[in-house]
Amino acid sequence: MLIELNEVSHVYQDENNVKALKNINLEISRGEFIGIVGHTGSGKSTLVQLFNGLIIPSSGTVKVNGKNITNEKSNLKETRRHVGLVFQYPEHQLFEETVFQDIAFGPKNLGLKKDEIRERVEEVMGLVGLDYDEFKDRSPFNLSGGQQRKVAIAGVLALKPDVLVLDEPSAGLDPQGRKQLAELLKYLYQELEMTIILISHRMEEIAELASRVIVMHQGEIVIDDHPIEVFSREQKLHKLSLDLPQITEILHRLEERGLKVNTNLFSISEASAEILKALRSK
Amino acid sequence: MSLIEISGVDFLYGNDNSDRPALQNINLQIEAGDFAVIIGSNGSGKSTLAKLLNVLLTPSQGEIFVAGLDTTNPDNTWKIRQRVGMVFQNPDNQLVASMVEDDVAFGPENLGIPTQEIRNRVDKALEMVGMAGFQKFAPHKLSGGQKQRVAIAGVIAMEPDCIVLDEPTAMLDPQGRKEVMETVQYLNKEKGITVVHITHFMEEAVNADQVIVMNQGQILHKGSPKSIFRLVEQLKDVNLDIPVAVEVAEYLRQENIDIPDILSIDELVDALC
Amino acid sequence: MLKDITIGQYIARDSIIHALDARIKIMITTILIIALFTIDTFTGFGFFAAFVLVVVLLSKISVKKVLKGLKPILILVLFTLFIHIFLTKGGEVLWSWRFISIESEGVYTGFFMVSRIFILILFTSLLTLTTSPLQLTDGIEYILSPLKRFGVPASELSMMMTIALRFIPTLLEEADKIMKAQQARGADFESGNLIQRAKSLIPLLVPLFISAFRRADDLALAMESRCYRGGEGRTRLHELEFRYYDFIALIIIIILAVAVSFY
């Protein structure tokens, strides 16, 4: 098992003592693409920070690659090499003079040799779609918001993690930026067989990409299932005041009105074709 | 005369080396009481336009009149800023004080309103945005949607004719976005405040009286939401999000299914069944 | 970790200490600090400590919370103590080893200074604990306002303080986030020698400064658009108002301070 959480609870030690996570049990295997959804404050961000030891839970154990990371402080650095975490608005963490140096920050911390660092930087810049020769010497602060985000994501990919965790990576991107990001995640998952954990408010994104969806609510996992199953539980999601993907909402509503459509389609073109078919055979 | 009259406006940033001005030949009227939505992708010039309305910038060419006041005349600056309030994108960067009520009071204080009157305005404004009872809260303890509503209250307390919101929902979660949009619509419909809402979320244009689509510093289209959403392909070309229902309708139309202009999921479902 | 800092924190309670006018509280604190420096006996400190305790009880803030605020200065206090114990000479030799010796004068001065620092910090933290930041800045502005004639921008200074207070929690949160993000990339903030540690702060400080500048830019625009143009002609939601018990408090303190100083 890649990541294993056993009876994990977490309380933030401040004046409010908010119980951010309650008795979480969770297993994540290699090669999964997990979507995590839930309201702000449902515990999603706390949960993913447990995976690489940025937060040590108040109780319970977290195992990564079979190693318990909750008691031995010494191997946290090792854990962080396996679990890469891309924070919300990751471009806010850029600090180096050039794109190259910023992406090289992680590999340098791993103590890699110069040649290998260069190789990795070139490779990950290719992955996120930044031309190496064109961008390597530019200041990250003179790039557009979308390009800065790519640099930041490349900076985490350069650690060559087994698991890539992304917290709202598409927030603030335009449709084109979102499309490129989705392509990247698909590639990492399908071609490089990376394990991916994606937090997002955009249900469309989750439905399109994830192979398993975890719904969080007030510090607990309330649903953990295949996307088709999750998004067919319309009532439950509405009760948690979470949205369906818009296209699913449309298909559900049409089905309620008596149009015979398959409601398990998440791509707009497939769903539109399905509606067309149903209309023609009416 | 309209509340806002923009004619032949160009704008070029001083430090910009490119030949293309940030805004080019903008002509636009916004009537009192209207809900106008300006949509455009990043770099389309929509934020620059917003700043021109509040005299944070003045046009390089052409003129803008707000409630009959010329924005290029420095004597009008403060009068215009009182009549056109502005709400910005980042909820963390526009609240001044460490307590909600002091922040809402900031504008009226600057206007030299007497203390008792400020008290009334602050409480009224917070109530209008659904934040009554939050007077003593610290901004950093609020959610994004709440912070934006406090920012809106801060503008309302100045009793403006018009509010310009520059991507107020861009950094919010769906819940916060809903809160802000409901507040803005309430202020427009119930309180008669003119709203200029700038966004890159197309769904937020659905209830507008007028939609203005911007691209590369120019106005690409102007009209009712229905007339704009008919231009699915062109909007996609300028990197804008199309609401899913609109996209489905367009697909069906091209397959010769007869569908009227629709804007929302409700309308699509009604049209099909 | 960064969130543990409590100096300058305000805790809202419904107490007579909270209700006192901010200007009076600032004046009282100043008078007491001056009085503190005229004291040269432990009996005097004892008296002051008792007074602080009474004020804490009246303020309805838990003693534990007030004492917790002393934690960050502990190192400074211990440092002062050791400097005096080892370096101040005079009186009896209590203990010696080769060239190091501890003499009674040093121990006395050491504890004397430490008591003074503790009481000083307690006074000032009581001021911030019981006075909202806004009242505090308003109070300072009022006290400085006679200096406006000499070109001191009192209103602008108080506005700067207000904004600083507003943004401290936001920036602390941000620092925490950036720190975690860099740690996720293998950054190490905790080990190494002093120079290595200072160097390791660059990935934290650069983004933090950039973000602070961006926020300052945004805020300046937002303030301008809300008609801010300096202190001239501004009114206030909260006008400071002297009430009779403010003066009673001030008179009591003056009498106490004079009595203790001449005792």
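Just so it is clear, A, B and C label the chains in written order, and each chain counts residues from 1 on its own.
Here is the rule we go by: a contact is a pair of C-beta atoms (placed from the backbone, for glycine too) under 8 Å apart; a residue touches a chain by one contact, two chains touch by 3 or more.
Note that the coordinates shown come from a computational prediction; the quantities given were computed from them, not determined experimentally.
Student: Quick one: label the inter-chain contact graph as line, ring, star, complete or other.
Tutor: Its topology is that of a complete graph.
Student: Please work out which of A-C and B-C is bridged by more C-beta pairs in contact, and write that pair.
Tutor: B-C
Student: Distance-wise, how many Å sit between the C-alpha centres of subunit A and subunit B, to the nearest whole number?
Tutor: The mean C-alpha positions of subunit A and subunit B differ by 31 Å.
Student: Measuring from the mean C-alpha position of subunit B to the mean C-alpha position of subunit C, what distance in angstrom results?
Tutor: Chain centres of subunit B and subunit C, defined by C-alpha means, are spaced 42 Å apart.
Student: Give me the residues of subunit C that touch two or more other chains.
Tutor: Where subunit C is concerned, no single residue meets two or more other chains.
Student: Residue numbers of subunit C touching subunit A in their complex, please.
Tutor: Those residues of subunit C that touch subunit A are 3, 174, 177-178, 180-188, 202-203, 206-207, 210-211.
Student: Which part of subunit C faces subunit B closely enough to touch in the complex?
Tutor: 12, 132-134, 162-163, 165-166, 169-170, 173, 214-215, 218-219, 221-229, 233-239
Student: Quick check: in the complex, which residue numbers of subunit B touch subunit A?
Tutor: Spelled out, the residues of subunit B in touch with subunit A are 41-43, 143-144, 170-171, 173-176, 200, 236, 239-241, 243-245, 247-248, 251-252, 255, 257, 265, 268-269, 272-273.
Student: Over in the complex, which subunit B residues touch subunit C? Could you list them?
Tutor: Touch list, subunit B to subunit C: 51, 54, 56, 78, 81-82, 85-86, 88, 90, 92-99, 101-102, 105-115, 118-119, 122, 136, 138-140, 154-155, 158.
Student: Which of the residues in subunit A come into contact with subunit C in the complex?
Tutor: 14, 49, 52, 54, 77, 80-81, 84-85, 87, 90, 92-95, 105-106, 109-110, 141, 155-156, 159
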